[in-house]
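Here the chain labels run A, B, C, D and E in written order, and each chain numbers its own residues starting at 1.
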């Protein structure tokens, strides 16, 4: 049996090319990702067991930070508010999905200029949340905001949405829904493109029309789009930071905080620098998100196996 | 100065005076210092004021300058405790400083040592629309009853007594400072800031009860929780509110917005409890030498230069910082507000001078309490709940 | 009476007209196949009958009812699509019952009908499965089942078998034929597969560019096409066409040797005609030398030889016996005169 | 197509639809239009409480002039470009390689590494905040554009890998096999065969990442401070502090800050949407 | 010598074995076709030869060289894929020259070789186009051209024509056959198309479940299959199989009437055999009545009748003359005894 010459470095590499190549291709990306994402996640877990102001030495306190969080929960303090608001965000943010679907259905036509319309409707997603926050702050402004001008037409108001702890979270979510709806809309528009026209025709022959057609035939086919819309919306809801930071800074009196913002406030804002405590909040947020990540990965795993 | 000529090497100075006017002032001052020390290579870095507050943590440990600006009192405590600021008690022992800067020594003292020098401070107080007062036939109040009576008239005229923007919380801290110092005195206020008194103490409640009187009568503008302090200015400019409890830095924007010195005036916050001495808020801005600085000799010389009587006169005059000099030998600019402020602080503040709530209380406590103040201003009925919350926070924060 | 009648049916997409005034009568219970080259309008015509495309002009009747502008669901038709168009999220049973459900039929009745249909199509074991878990043939059966359940008067099929592989195609072809025998409904079937058209149809409609070329029973079209297009289109391998000289009732072509007498009504004065002859109607004359065997393809029972005539024309002949030609052989050919057809070289019309 | 194509419906429905489109759009973009309107108003309109009416005079040139010549805005914009462009290049380059490795090769840990990227991509980035900030500090990159760029590249690599890997998966594998049979080394297969085919994905991803990074606010706040390194999203807040209550200038600033991604989106609209389809719906 | 030899070649995917020890010798210049049902391992075997799949056990030689664990590039093979696998971003010329370019061949030489190949395949007019701008057949030609350019010793084709439509398929089939004649390289060709296998192959390898069932020339397999599987697999329509009683050299079955004498070496003691007969080797006896015509399919020149034997067995017969059976007719059948094959009902092996 002829043996391939192994003495030569070149040829060894060539021989094992297929086995080594993927690792060479992966190396830079993996390195970056490890250093900046994966390892920090574990560092955060670790840090959450310490008390550290970012200056001196960190002091190991075990689960003390979590205990504090627990008491904040019991006392209905900032952590409680943040968690509660996070849940409200999670729930209400999902409204972007039906809203996006509705707009997508509205725009799914082939009239002249529709392409331009579609992109203009997508606009809110492209602009920065900072700008969105600013715009809506003005919209809600109690003295001159358009909202109150509008309400006064009906003899209502004035309403200080961002200054009232009962409305503030909803007000911010509403602002967030604007770009998120645009995002869902575009997902659905691409999804609608992929709907099998023959199934629609089969449905027409079967006598399904309007809403029943939508419910029984279109929506099931839009499942992938809905799934992605769901994932990005959930993640968007849990990550919500920019809007709160711009619109209220968590106020009034901390009633619009969410975990993401609270964590920032505790760890890095002017009055903060309780790094360990912040890390503990992040861990809680991470655990919530983990449910969704697991769900997402599980779906992907099933699909991969399916192939 | 006699020893100065031999200074050599590099001197790195970090400044947080990022607004154009103060920045120019400081740079000019450094320029003058450089002229006296041609052997010294001076490098100045100006950092955005807000950014500076977080960045200081980084540069004190790595890439450290020789001199840095900061704030007095509790605000410098974390760095002192972490050993990041140089002990400059030696400077304070020098007669020139010991004699002339005595009034601010307390603010820079922790554990009996001094950790920096002040370079400017400014008074707080009530800035008001003199024309509106005249229109309503009011005079500057001095007692709580006069205050309430005045306010009642203003409210009846369809205005708010006070404009305020509490979105960023600290403005409410100013109100609390004054109300509490007037109700319970400077000592008590300090104890509270240091966590030595319960928030559910009757005396604290009294402070809030006084505050509530104003709130209930509609003394403050509506929706203040949505405005920053600047956004609250127009209410005063437009005549929707008659006064503003604020630091002297509010004068410049009010003038810019078109109010003349005839329309604008100043009075000291009224006395409430006749049994306590008047005390004032006068936040002090400071210079420090980081412990890791490399050219401490030059840095010390710079600090001496900054607090010298001439420089203090120069940098605090109306054309420059427009604030109060810290050196007793300096001249106060003849701006009417500076004069009034200087007079007030030097002769009518027997109780003491506080730095400001968020500098006197630990950061965490400041944050939680100011949130509470804001909530109280919007929902005074929640007081008990708020105080309970603050008390819990106190127990946690001061515990270690 | 549930035949289908088209009356000057016309379809335009904007400016372009794709169906040019079709008149067609499909009898009750008939199995009618539309064939024609790609793009000739087969699908369009079928979809006009289904109501999935607007009819621009003309009328369509199903039975006695005019349905030209009726909703698809109201026409009493069911359609089976090339891609099956099963609802992927419903089980087989749900797929089949969906139409009835939409029309508010009672659950028990739906179940019964689904049961019946799945009986006919042997789908019982799969009723609970999703389409994904079925093979191509099974899916197609479900699609047919869905059509049956609705009990339509007319079944429409658009190339229902073209996504199946060869073996399954044969199987399903037989199945559909059996179904037609069993339920006897009118069926209209679009295909481009020769074999399907020939074996299943009662009546074949040959379309070309949106016009009907010929309508008739399969073997009629095969034996007696009206024109060159139909002659060439029906039959595989296709009919051979030779451009011949014509004189005195005889055609002559280099491949033939002697001129051949053909009985056809060729108009006087014609000197050129197109001769058509199917591969199986050519006999080999091993003594002849006129043609060269270019290639032979032995398929087992039958083999095809591709001949080159002396003038370069090509001819395909079918050989069945074991003694077959080989590449390079020189042979002569003899056409069965009764099977020779003559066409007008210009218009393609057949001289009968 | 669902819903039923409008051109197959009665004339009246068609006209209603055509009329509703611009109306709906106006409503939808109302907030943005308001900002645009604000940005050309004179300051006087705001003191006179003429917030929503027509501008009493057109001051667009002055307002935008202020933004460009009298503030740090140009610097912030420049910073944004200097952060966004290298990030886009870096993240796309890295993910082309990781996507190739994960999409083409079969090895044991393939799926797990892929899932790691995906999971990392969905991590709430707050959990990274403190360690990443420390890391950046230790590297001496705090408050530098480089520090921000490095982190963005790393974090975006997760999403980009998901996207690229799925895209490469959808390429016909025979192309790679054909190349292998032809004796082409793996690196060259990547460079000459796969990379050219990924052009659409690269284009789409570039636009997406450009938008993401340009609009990033959180990390800009965490890792940088001050005009010398902060991008425009963070800059606009200090810009707004500078021009507090000068709504016309804040509006003009916002419009300027929003413009580049919008322009990018319009230029590359087709890729953008294709990108979402590929990366997301897949 | 560049034949291909497989020696006990085995392929396992983890636990599942898909190729079970294949021994095969393909001569230099031979055209060898792999056929077999879907999933039998045709592609796997081909890809093992190409080096795209690891060979788990056994050896593969190309010419005299052992290549079992060699890189695909080093084996001197070229492969043509079902999906063409053209690089879409390169022109036709670049596609064809790419392999050479990457291996550092000089520009001028590449050009020359591409020129030659495109000559052979008549691709000159398209050299500057991208694959997108080509028809399916042209693309397949480019794929072949790419293979030719590299001047490999062995060509491998994996169902290269199955993505083309019927007409083009016929055309390309002829083209590949011509190419083989012209360059005379060894070619291995996977298909599931009867016609391709029969018409192109020098040698057909019938695979089933990863094992070779029979190897031989096409007509040999058709006429002389080794077992029931091959007999049934080769030929279309498939051979008829009847389970018969066997005694004294004669088989009897209800469809046949009289027992039929068949000369085959049936082992003593066998009482049951499987009889195989192709449709075209059954003649109709119109006087008989044993079978019923269940269905007839007229394809034009030929028609197939599906008969039901008295015991329910099915038989397909081919009819060619014009006088054909109709559904419901009762007819008798006569098998051509020299064409009858007998198989072991258990193992399926043929008794010769």
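Quick note on the criterion: contacts are C-beta pairs under 8 Å (C-beta built on N, C-alpha and C of every residue); 3 or more make two chains touch, one makes a residue touch a chain.
Being a predicted model, the structure only gives us computed values, none of them experimental.
When the partners of chain B are compared with those of chain D, the chains appearing in both lists are A. Graph distance from chain B to chain E, where chains that touch are one step apart, equals 2. Among the remaining chains, those touching chain C and also chain D are A, E.
Just count the C-beta contacts per chain pair and the biggest one is A-D.
One rotation lays the C-alpha atoms of chain C on chain E, and its angle is 175 degrees to the nearest 5. Centre-to-centre spacing of chain C and chain E amounts to 28 Å, using the average Cα coordinate of each chain.
One finds 55 Å separating the Cα centroids of chain A and chain E.
Measuring from the averaged C-alpha position of chain B to that of chain C gives a distance of 95 Å. Taken residue by residue, chain D touches two or more other chains at 185, whereas all remaining positions touch fewer. In chain B, the residues that touch at least two other chains are 50, 54.
For chain A in complex with chain C, the touching residues are 196, 198-199, 201-209, 212, 216-217, 220-221, 223. Across the interface of their complex, chain B is touched by residues 47, 137, 140, 142-143, 225-227, 238, 241, 244-245 of chain D. Only residues 38, 174, 177, 192-195, 198-199, 218-219, 222, 234-237, 278-280, 295, 297-302, 306, 318, 320 of chain E touch chain C when the two sit together in their complex.
Interface of chain A with chain B (complex): residues 51, 53-56, 68, 71, 75, 77, 141-143, 160, 162-163, 248-249, 251-254, 265, 268-274. Residue ranges on chain D touching chain A, taken from their complex, read 1-3, 5-7, 14, 17-18, 21, 24-25, 28-32, 34-35, 38, 49, 51-52, 94-95, 97-98, 100-102, 104-105, 107, 110-111, 113, 115-120, 122-133, 135, 150-151, 153-155, 157-158, 161, 185-187, 190, 211, 214-215, 217-218, 221-222, 233, 236-237, 240, 247, 250, 254, 257-258, 261-262, 265-266, 269, 273, 276-277, 280-282.
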